[in-house]
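You will see two complexes here that share subunit A, one where it goes with subunit B and one where it goes with subunit C.
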Partner chain A sequence: MEQKLSQNDLFTLIALLCHGGYFWVLPSFATKENGSMGILSMLLGAGTGLLILILAYRLSQKANGQPIFQYLGQIMPKPLAQVTALAIWSYLAIFLILCLAFFTEMMSSRLLVDTPRWLISGVLLFLIGRLAALGLVDITRFSFFALISLLFLMLMLILGNLPLFEIIQALPLVLENGAAFVDTWLQVSNAYAIVLCLLFILPRVKQEKKNLSWAASALVLSAVFLSVMTFLAMGVFGQDFSQTMFWMHLEQAKIIQLGPYLERVEAIYVILWMTVIFAASSILIYCTNHSLAQIIQRPLTVKMHWLLIFFFWLCCNYLGNMEKIILLLGYFNQIFFWLMIGGLLLAFFFAQRDRKASNL
Partner chain B sequence: MLSFLHKGIGRRQIFSLCLLSLVMFVLTGCWDKKEFNQMAIVQTLAVDKHENEYKVTLQLITPKAGEKGITGEDLWIISGQGESVAAALDQADLSTPRRIYLEQMNLILLGEGVLADDLMGGYRYLTRSHYLRRSNYVLAIKGEAGEIIAAKPELGKIDIFYLTNLIKDQERKIKNSVTLVNDCLLAAHSTTGAVFIPAVILEAKEKLTLDGGALVKNNQLVDWVDQAWTESYYWVCGEIKQKPLVLQDVWKAGDMVVLEVEKSRCHLVVKQQQPLVIGLEIEAELDMVDNRGVHNVADEKELEQSLEQVRQRAEQEIEAIVKEGLDKAQSLNCDAFNLGQWLAAFHQSVAAQYDWQKDFKDIELEVEVKTEIKSLLINQK
Partner chain C sequence: MQKVRKADLKAVTSSEKNAEISGVLTQDIAHLQKLFERCSDFVCREFQIGSSKAAIFYFDGMVKTETVNDEILRSLILETRMAKSEQTEKNRLTDFLEQHALTVGEIERVDTWAEALAALYVGDTLLLLDGCEEAFVLNSKGFPQRSVDKAGNEKVLRGPEEAFNETLRVNTALIRKRVKSYNLKMESLTLGVNTQTKVVLAYLEDVANPSIVAEAKKRLESLQGVKGIMESSGIEQMIEDNPQSVFPQIQYSERPDRVCQAMTEGRIAILVDGSPNVLIIPALLVQLLQSPDDYYNRAKAGTFMRFIRYIGIAVALLFPSLYVAITSYHPEMLPLNLLLSIAAAREGVPFPAFVEALLMALAFELLREASLRMPSAIGNTIGIVGALVIGEAAVSANLVAPQMIVVVSLTAIGSFTLPSIEASYPVRLLRFPLMILAAILGLYGVMLGVIAILIHLIKLKSFGYPYLAPLAPLSVSGAKDMFIRRSRKDVRQKVLFQQSPQYSVGRSLDGTKIIPE
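After this line comes the complex of A and B, so read on.
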C-alpha cells in the first residue's frame, strides 16, 4: 500500500510548486508596466490562485480518492471529460516546459555561458526525472530539504539587500495603466493556478480536517515571500528595475556581501535555488505524467515516464532563446490558461450537479 | 566472490556500468574550468572619452602559479581604445594572454570626457552584460581616469585595493557617502535625474585623495564641487557616524572647541504646500573631544550657559554648511540631494504640481538644526 503524505508534506509540496522557474521572472513581468503596484497585482494573482486551490480541493474531495480524470469520466459525457482532462494536462505540460526553459535560459546566459544548452537541460531533466520516478514520498523528502534552502535564500536576500534599500525608490504606489494592471493580475493568476496540481497530490495525502488550510497557507506564504522580494528589489533598484533587468533574483544575489570580503555569492545562491527548482519541477513532472497516464487510462510505466521526459527535453531545447520562450508564454497566458480555467469550472459544475442528483 | 558471473549480468547492470564509466570522465573537473593563475582579474576599470573614442584602462591582478597570495608584483595595467566601451575592452583583451575577468571588479573610474558627454555611455555595455554588479563603486575623475591607475602603479604595491579601501573607509565614517553604479542607474530614471559622484585627485603624482565630486544631471556633468560642498551633502543625504566639527571663538576670541559628530540624521518635511517650502530638520549627537577655552565653571547655571553657547555655535555652523551646499545645488538647478524623489514618494499630489528638473532652483528650502552634546570637557567646581 502506498505511503500517505502528512499535512506537513502537503504544505511543503504546495510551497515549492509556487517557486518553480517561472516564478523567477514573474516580478519582472508584474512590475514592468505597473511599478510598485505590480506587487498588488501579484497579491491579487495569488488570491486567484487561492480560489483555484479551493476549487481543486473541493473537486478532489468529491472524487473521494479516485483518480481525478477517472472521476470526471463518470460525471461528465466522455468526450467532454477527455477535452477537460486534455486542457488541464496541456496547462501542466506547458507550465513545466516554461519553468524548465526559463531556468535553462538563465543558467546558459548568465552562469554556464560556455556549456551547451542541451546539456544543461539534459542534466537537469535527467535528475528531475529520476526524482519524479521515485514517487511522491521521495519528492516530498527532497522538497523538505529544498524548503530549508528556500528559507535560507530568503534570509540571504533580505540581509544582503537591506543595506541598499531605500523606501523612496519603492514609492509612490500609483496605478497609471488599469489595462496593464489587469493583464499582470491575469498573468500572475496563471502562474499561481499551478496549485491545481493538488488534484493529483491530494489523493496521496491522509484525509484530515485542515488539509485545505495547510495548502492555502503554503500558497499565501509563497506569495508573501515573492512580494517581499519584489518590494525589496523596488527599494534597491527603483521602480523601473524591470526595464534594465530580467533576472531579478540573480541581480539581488549579486549585491549580497557576506562579511567584509566574501562577495559575488550568486553562484552559491543559484546552487541553493537549484534545489528549489529540482523539487518544484519534479512535483510538476510527477503531476503531468500521472495526469497523462490517467487520460490514456494506463498505468505510468518507466518507459512512458522517460519518453515524456525526452519530449520535455526536446521542447525545452526548441525554446532556445528568450524570444521563443516569451512567445510560448503569450500563448500560455492567452489560450491554455483559459482552457484550463474553463475545464476546471466545467468539471466543478458537473461535480455539483452530480452531488445534487445523488442527494435526490 | 564472483558469484554474479554465474548469475549473469543483467542489462540494467551493464547500463549502469557504462553510465558510471562515462561519469568518471566528467567528474575529473569542469570542462569550462578557469584556473586562477590563467585569469586576469580586473580590480578597477577606468573609462575615458575623447572625440567619440572611448579609452578603457584596466588594473588587473594576474596571480602567478604557485603563489600563496596576491602581491603588488601581480598588478598589471592595460588599456584599449574603440568607438564604444565594448570595442575598447575588446582591444584591451588583445594585449593580455589571459582571459580578462570582469566579474570581480569593484570600482569604475569615470573620466571628465565621459561625464561631460554621457555618463551612461561609460558603463551601459557593462550593465547589459552580466559582469557588472550594481554595488560597484563609481568615482569621478577631473581629467583622465586612466591616469589615476597608470600614473602611480606602485601605489598598488602598498595595497592593491587602495582606492576601494579609501572609499570603504569613508563609508565607515559616513553612511551613504559612496556612490554606486546602482545610484547612477537610479538617477537616470528618477524625478531629479541628478546624482553626486565623489571625485578622487592625484596630488603631486604620489597621493590619491578623495576631494569633492561631480554633480551629474541627466547623465551629463553639471559642475565640479569642492570638499566643503560634500560636507553639506553628507549632512543631508548621509548619516555621519564619526566626523570632527571645529568651532572657533566660541566663548571669546581664540577659543576653540572640537566636537565629534557621533550620529546625524536629516528628516525632510513639507512645511508649506503653496508655495512649496521643504524643511530639512537635521539632528546630531555630538561629543566634545577638545576644548581650548572654558574648562571650569562655578555652578550648573553657568555650565548650562556655556554648553548652550557651544550648542548654538554648532547648530549655526552646521546650518551654514548645509545652506551653502543647497544654494550651490539650486544655483545649478541640480537636485543631487534627491529632494524631488522624496517629494514624489511621500507627497505625490504636491510633487505633481512641479516639473522638478526645472523648478528645483525656485523651491524654498529651510534648514533647522538640533544638536545634543553628549559628553563635555567642562568641569563644575
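After this line comes the complex of A and C, so read on.
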C-alpha cells in the first residue's frame, strides 16, 4: 500500500523548499538596489509565489492523482504538452543547479578555501542523491529534522542580532529606483516560484481539505521570517553597509556570540544549515528526476537517477565561480522563469477548457 | 508436556520424516541403534513386561535419572508384575500402561520416527513395545541448567533482578509468571536441521499487531533449512530487515520485566532454547536508548537520566571528530585563551590532531577488548592501569596533547552511558569514519557524516516500522515518552505498532531497480 503524506508533511516540504534554495543570497539581491524597501519586494515576490502555488494546486487537483505531465498529454496537443513539460523541467533543473552552486561557492569561499570544489559538491550531491533515491516519504522524514534545524537557526539569528539592532539604521523606507524594484520583485518571484514542486508532491499527499492553506501558510511564514531577518540585518549593519554584503545572513551569524566561550559561530550556523540544503535539494532532485521520467514515459530507474545526479554535479562544477553563477542566474531570470510561467498558464488554460468541455 | 507437533518437525531429515515405527521391537531397536551408533550417551534398556518385550531409550545426561528409574522402569517392571495377566496381554497392554503403570506426569503416543526422535532430542524417554506400532514419549527432561540468576548486562538500581537463563521452559515460565492472561500466546517452532532448536514466539494476542506476528512467523519459518541455530543472535542476524546495517533492528534483553513490558506495548518476544537473551521485535532506536531504570525511578529522575544518556551518546559519537575539525580547520571559533592553551599543549606533538585522536581512540578500543577477554578479576585492573599508564606515558613522550586524553576519556565515558551493548556498537564504530571526515573536510565533513547516518536511519526499518519513529515520522503521542519520562499511567497504557508495517519495495515489473515515488 502506498504511503501518503500528511498536511504537516506538506507544510514541512514547502517551508524547506522556500528556505533551502536562495536563502543565502535572496536578501542581498533584494536589498542591493533598494535598501530596506527590498523587503517589500521580497513580500511581493512571495505573493507571486503564492499565485503560482495556487495555480499548481488547482492544476494538480484537476489531474486527480495522475502524474501531471501525463495529464497534460491528455488535455493538450502532444507537442505542446511536451514543450510545456520541458519548460517546467528545465526550470526545476536550473534552479537545482543554482542552489547547489551557491551553497558550494559559499562553503568553498568561507569555510573550506583549500578544498577542491568538486569534492565539496561531489560528497554533497552523492548524499543528496542517496536521500532522493529513498522516495518522498523518507525525504519528508529527513525534512522533519531539517525543519527543527531551520527553526533553531532562525531563532539563533534573531536572538543573536536583536541586541545590536537599531531601527534607525534600517530606515527610511524610500523607493528610489522603480525599475530596480520591479527587477528585484521578479527575481524574488523567481525564487519563490519553486513552490511549483507542489505539482509533483500533491499526488502523494492525502486528499484533505485545507491542503492549499497548509502549503500557502508555509510559504507565507517563510517569506515573513526571511523579511524579518533581512530587516534585522538592515538595522544591525545599516542600509549602506548591508548593500555591499553578498552573504548577508552569514555576516549576521558571524556577530552571534555564545557567551564568552564560542565566537565566530557562523561555521556552526552554515553546518547546521546543511540539513536544510539537504532537504530542499533532495525534494528538488526528486521532483526534477521524476518529472523527466514522466516526460520520457519511463519509470525512474536507479541508473537514470544517478546519471542525472552526475549531470547536475558536472553542471555545478562547470559553474566554477560566482561570475558564471550570476550569468546563469541572469538567463534563468530572463528566459527559463518566463518559459515556466508561460507553460504553467498554458496548462491551466487547457485544463479549464477541458473542464468546461466535460461539463457540456 | 510440550506437544511434539508435526509442524515442528520439518527440519528432520526426509528419510526419517515419514518412516513409521514398525512394531517389531528387534527391528526398531536396530533402527535406533544404527541411527545413534558411535553415540556413547545414547542408552537402550531392554526388559520384559508380562509376556511382552519392551525397551526404553534416552540420552544420558538429558534425562532426570530418578524419573527414569523410579517413575518409568520401576513402574513398568514392578507394577506390571502385580497386574493380572489379562491386563498385560498384548492388545490391552498399552492402555494398561498409560492408565495404571506409568507414573510420569506427561505421556504422549507417537507413531513416526520423526516425532519419536524429536522427543528424544529434548530429553524425553522413548518406550517401545514389541507388537505395538506406537511409541510412548515419557517426559523425563532433566538436562543440566543454570538457576535463575541476576541480570549481568542490564543492571538496574531499582526493580527486579532476575534474568533469563539458557532453558526455554524456565524463560517462558518467567514471562508467564508476570503476564497472567490467557491472551499471552506462546507459539513454538523447531529450527535448525542439526540442532533442532526450539523457538517460542510470545505475544499478547489482544495487543500485538497480527501482521507483525505473521511476518515474524514467516521469517522464522524461512530459517528451517539452516544447519544449526545455537543462540538468539544467530536468528537475529537472519531475520532483521537490513543485516548489513551497524544498527541493531532487533532488541534483546535478559530481563523478563523488560520483555513483558515490551509485550504490553504490542511487541513480540522470540525465545530461543539455549539462549538467555530474548529477542524483542520490532525495535526502534529510541527504545534501544531507554533503560528499565527510567521507569523504576521517579519521573523527574528518569527524565534527567535520559537526557544524560542522550548527551553521553552525542559526546561518544561526535566529540573526537569535533575536536579534530575545530582544531584543524576552524580554530577561530575558539576563544583566544583556549586556543592558546591548546596550541601550547600541542607544541612538540609531531602528529596532526587527527592522528592523535585516531591513536588514542584505537588504544582505548584495544584496552576495552583486552579487559573483556581477561579474567574478570584482572580485567578491570588492566583497564585502569592501561589507561593511566598509557595516557600518562603518551603525554610525557609528547605523542599526544593532554587535551586529547580528556577528549578520549570523555568519549569513553559517554559510550558507557548506553543502556544496551548492542546500541553502543554503532556509536563506537561510526566514531572512526566521522574522525576521518573531520580530518578531510572539517565541520563540513562531520555534518556530512551525521547526515549520512541520519539518511541511513531514516531508511532503516524494523519489521516494517520506521526505525526513527516516533520522531520521523512524527507521532506526537508516541514521542511524548521519548525525551520526558511520562507518568506511569501514560506510559503503561501506550500501545505502539498498531499501524500496518511498510515493507520495502523498489523494483519494476521487469525487475529493474526503480526509485520509489
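In this text, the second predicted complex is superposed on the first by the 356 of 360 C-alpha atoms of A that agree within 3 Å, B and C clash if a C-alpha of one lies under 4 Å from a C-alpha of the other, contacts with A are read in each partner's own complex, and residues count from 1 in each chain.
The rule we apply is simple: a residue touches a chain if its C-beta (ideal position, glycine included) is under 8 Å from a C-beta of that chain, and two chains touch if they have at least 3 such contacts.
Every value quoted in this text rests on a predicted model; they were computed, and no experiment measured them.
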| item | value |
| --- | --- |
| Touching partner for A:A30 - first (subunit B), second (subunit C), both, neither | neither |
| Which of subunit B and subunit C A:A347 touches, first, second, both or neither | neither |
| Subunit C versus subunit B, contacts on subunit A by residue | C |
| Which of subunit B and subunit C A:Q257 touches, first, second, both or neither | first |
| Touching partner for A:L112 - first (subunit B), second (subunit C), both, neither | both |
| Partner chain in contact with A:L272 - subunit B first, subunit C second, else both or neither | second |
| Partner chain in contact with A:L171 - subunit B first, subunit C second, else both or neither | first |
| Partner chain(s) touched by A:F145 [first = subunit B, second = subunit C, both, neither] | second |
| Residues of subunit A that lie at the interface with subunit B and also at the interface with subunit C | 112, 115, 263-264 |
| For the subunit C and subunit A complex, residues of the former touching the latter | 329-330, 332-335, 338, 440-444, 446-448, 451-452, 454-455, 458-459, 466, 468, 471-474, 500, 502, 508, 512-517 |
| Complex interface listing, subunit B residues touching subunit A | 31-32, 103-104, 127, 130, 133-135, 180, 182, 185-186, 189-190, 338, 341-342, 344-346, 348 |
| In the complex, subunit A residues that touch subunit C | 1-3, 8-9, 107, 111-112, 115, 119-120, 123-124, 127, 130-138, 140-142, 144-145, 204, 260-265, 267-268, 271-272, 274-275, 278, 289-290, 299-303, 305 |
| Touch list for subunit A against partner subunit B, complex | 109-110, 112, 114-115, 164, 167-172, 174, 236-240, 243-244, 251, 254-255, 257, 263-264 |
